[in-house]
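A quick write-up on the structure given underneath.
When the chains are written out, they are named A, B and C in that same order, and each has its own residue count from 1.
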Amino acid sequence: MYSKRSRQRIIVNNMVSVIMFVLSMSSIVILAVIIGSIFSQGLSRVTWDFLTGFPSRKPDESGILPALVGSLIVVGGALLMALPIGLATAFYLQEFAHKRVFVETIQTLIYNLAGVPSIVYGIFGSAFFVATLKVIFENLHMTITTGRVLLAGILTMSILILPIIVVTTQEAIKTVPRNLKEASYALGASRVQTTGKITARFAFPNILTGLILSIARILGETAPLLLVGAAGFITFLPTNLFGSFTVLPVQIYSWIMRPQEAFQTTAAAGIIVLLLTQLLLSGIAIILRAVLQKRRY
Amino acid sequence: MKSLIEDEVLRIEKLLREMVDHVISMHRDAQIAMASKDVALATQIIKRDELVNNLDEMINEQSLALLATQAPVAKDLRGTIATIRMATDLERIGDYAKVIAESIIVGRRVLDPFQPYTHRMYEVFQSMLNESTALFFCPDLKKVYEIVARDQLIDAELKQAFAIIETTLATADNPGDVLNSFNIIRTLERAGDHAKNICEAAIFKVKGKKIDLG
Amino acid sequence: MDYVYEIGNLNLRYYQIQALRQVSLNIGKNQVTALIGPSGCGKTSLLRTLNRLSDFIPGIHIEGLIKLNGEDIFADKTDVIDIRRRVGMVFQKPNPFPMSIFDNVAYGPRCHGIKNKKMLNDIVVESLRRAALYDEVKDRLNRSALELSGGQQQRLCIARALAMKPEVLLMDEPTSALDPIATAKIEELIKELKKDYTIVIVTHSMQQAARISDITAFFLMGELIEVGPTKEFFATPSDPRTENYITGRFG
C-alpha cells in the first residue's frame, strides 16, 4: 500500500524540482541575454580614453569621466549625510525610546517613506532643496543663479536612502540576541555601553546591508536626479558642490536620446561602466560584511 | 492522577499489610496451640514464618529500589524508612511465634504456676500488636502513648514471674519445663518491646524523628 | 543572622498579569537560598527584581520593599548600575559575549572604568580561578569564548559575574542546559562560592535544591507558600501544598 504512494511522491518531487530549476535558470538566462547584448554592443567602446574622457558632440570622442566622478561623489556624499542620521534614528527607536506609541508612529512613517517612488523624492528635492539653495545663494550674493547644483543632488539622494538605512539597521539591531544584552546589563553596563559594545558590534555586519542597498539604489537613480539638476552634457569634473553635475544613468540617458547610431554604442559602453561600478562598490561592501560575519568568532 | 511513586509506595504497603496479617494470626494460633498442645498447628506456624521472612526481604528490596530510583522526599521518604523499620520488627515478632511453636513441637509445656502470667502477657501483647500495626497505617499520636504504656504491664508481669522462679525450680520435677516456661515469658516480653517499636515507627512516619516515649 | 536581602510585601505585576503576591522573604548572608516551584510561579520574576533587571519587563509595576543590606533598591536616589555591580547574575543558557575569554571577563570592569592592563589581567585571572576555570583556559585566554563547551561557557559566565566582585550571585537555573557532569562541577563550585558570596538560585530540579541549598523557598502562583532550612523542608514540610509539590503529587 505504501510503496505505490511514495513512488508517486518521488515523481512529484522530481517534477517540482525540475520546474523550479527551469524557472530559476530562466531568470538567469534573461539576465545573461540582457548583459550579453549590452556587452556585445558596447564593450569595444570601453577604452581608457572613454573612461578618462569628457562628453563631446562626436560620439567616438565622448568620455564618461564626469558622470563617473559625479556618481561616486553623489553616492559618497549621500551616505555621509544619511548614515549618521539613519543609524542614530534606528538605534534611538530600538534601544532608547520608551513610549511605545511614539516609537510606533515614527516607525510607520519611516516604513511608508521607504516605499515612496523615487520620482517623488525628485519632486521634493526640486521644490525644496533646489528652491532653498537658490534663495540662499541670492541672499549671500553669490554668483550662482540656480539651485540645481551637486549639493541638491546629494541632499535628495540622502533623504531617499534614509528610510532604507533606518529600516535595515533596525532589523539588524533586532537580530541581536536578547540574552547578550541582558548579560551586559546584569554586569552593570549602562544603556549606552550595552548598545555600543554589544548591540552595535553584533549588528554591524547586518547594518552594512543597508549600505549595500543604498549604494545600489543611488547608482541607479535617474529621474529624481534629472529633476534636481543632473545634466546630460558636462565638460568639467563635477567637484564643485555648488556647480553643475551629472551622474552615470543621466549621462547614459542623454546618449541614448541622441539620434546617431554611434551614440547608442557609447550608451552601451556607459551601461557597462555603470554595472561595473555597481559591482565594485557593492562587492567591497559585501565582502566586508562577509568577513565581519565570519570574524564574529 | 496517580504518580509513579504512589504506585510503588502502595505496592510496598500492600506487602506490609500482608506481613501484619500473617504475624497477628501466627500469634493467635500460637496462643491456642500452647493451650491445647496442638503440634499440627505449631507446624503450620513455622511454615508461615518462612512467608513472613520472604515478605520482609521483598519489602527491603523494593524500598531500596524506591529510594534509589524515585528520590523520595517528605512523607514518601519518612514512610519508606518507617516501613523498613516496621518490617524488621514484625519479622522479629514472627520469629518469636516460631520459637513458641518450636517449643510446642518438642513437647515442652508451660507449668501451671506460670500460666496466668503467660496468659495475661499474651493478651496484652496481642492487643499491643493489633493496635500498633493499625496505628501505623492510620497514625494517631494520642493513642500511641496509651499503647506504649501497656508495655509496662508486660514488664511488670515478667518481674512477678521472676519472683516465683526459684521456688518453682525447687519443687518442679522437670527443670526443662521450668526453663521453657521462663523462656516463653521472656519471649513475650521481648515481643512487647518490638510492638512498642512499631509505635515508634508510626511516629517517625509522621514526625520524621524519634520521640521519647519513656 | 545577617540578612543580605529583606523583601517585604512585594507585589509584581506586568500589564494584567500578577506575577508576585505579597511576597516576604529574607535572604541570609553566605547561604544558598533556592527558589522552587512550578513554571510560572513567579520565582524567576522575583530573582530579576533582586538586581532590577525587572526594569526591562514591559508594563512592569512593582509595590513593596526590597532592601539590599539595608538600602531600598527601588528608591529614587538608588543607583541601579551600582546595584547591578553588587549583585551578579548567571543565566539559564550560557551567554558569553562573542569575544575572547579575556574580554568576556574583563567586560564588566572595563565598563566601570578600569583600563589599567595589569589590573584587568589580575582581575581576569582571579575570577577565572574562583570559577574553577582558569586551569582549563589559561593557555587560550585570547581565543573566542564560543569555542568552549557548554559547561565551560557557564563557568565563564560565572567568572564574568565574579569579576565585578559582587556580594550576591543570582543564578537562574544555571545548570538546566548542561549535562550531568558539567552540572556536578557547577554545583560543587556553588558550594565553594557560598563561603564568600550570598547565592540565590532558581531551579526546576528539586533534587538540586535539596543537594546544594541551605534554605529552600516554595512558590506557587506568585505566592510564597513555605520557606525553611532545606533538610527540614524536604523531610517534614509544613504546608500540604509544599508536600504535594515536592512528592510529585501535583496533577
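Heads up, the rule we're going with is that a contact is a pair of C-beta atoms (placed from the backbone, for glycine too) under 8 Å apart; a residue touches a chain by one contact, two chains touch by 3 or more.
As the structure is a prediction and not an experimental result, all values here were calculated from the model.
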item: Arrangement of touching chains [line / ring / star / complete / other]; value: line
item: Closest chain to the centre of mass proxy, which here is the mean CA position; value: C
item: Centroid spacing, where centroids are CA-atom means, of chain A and chain C in whole angstrom; value: 48
item: Centre-of-Cα separation between chain B and chain A, whole angstrom; value: 95
item: Chain centre separation (chain B, chain C; CA means) in Å; value: 52
item: Chain C-touching residues of chain A, taken from the complex the two chains share; value: 177, 179-180, 182-190, 193, 197-198, 202, 296-297
item: Partner chain B, residues of chain C touching it in the complex; value: 206-207, 210, 234-237, 242-243, 246-249, 251
item: Complex contacts: residues of chain B adjacent to chain C; value: 1, 3-6, 71-78, 207-208
item: List of chain C residues in touch with chain A within their complex; value: 51, 53, 56, 81-82, 84-85, 88-89, 91, 93, 95-99, 107-108, 111-112, 144-147, 157, 160-161, 164
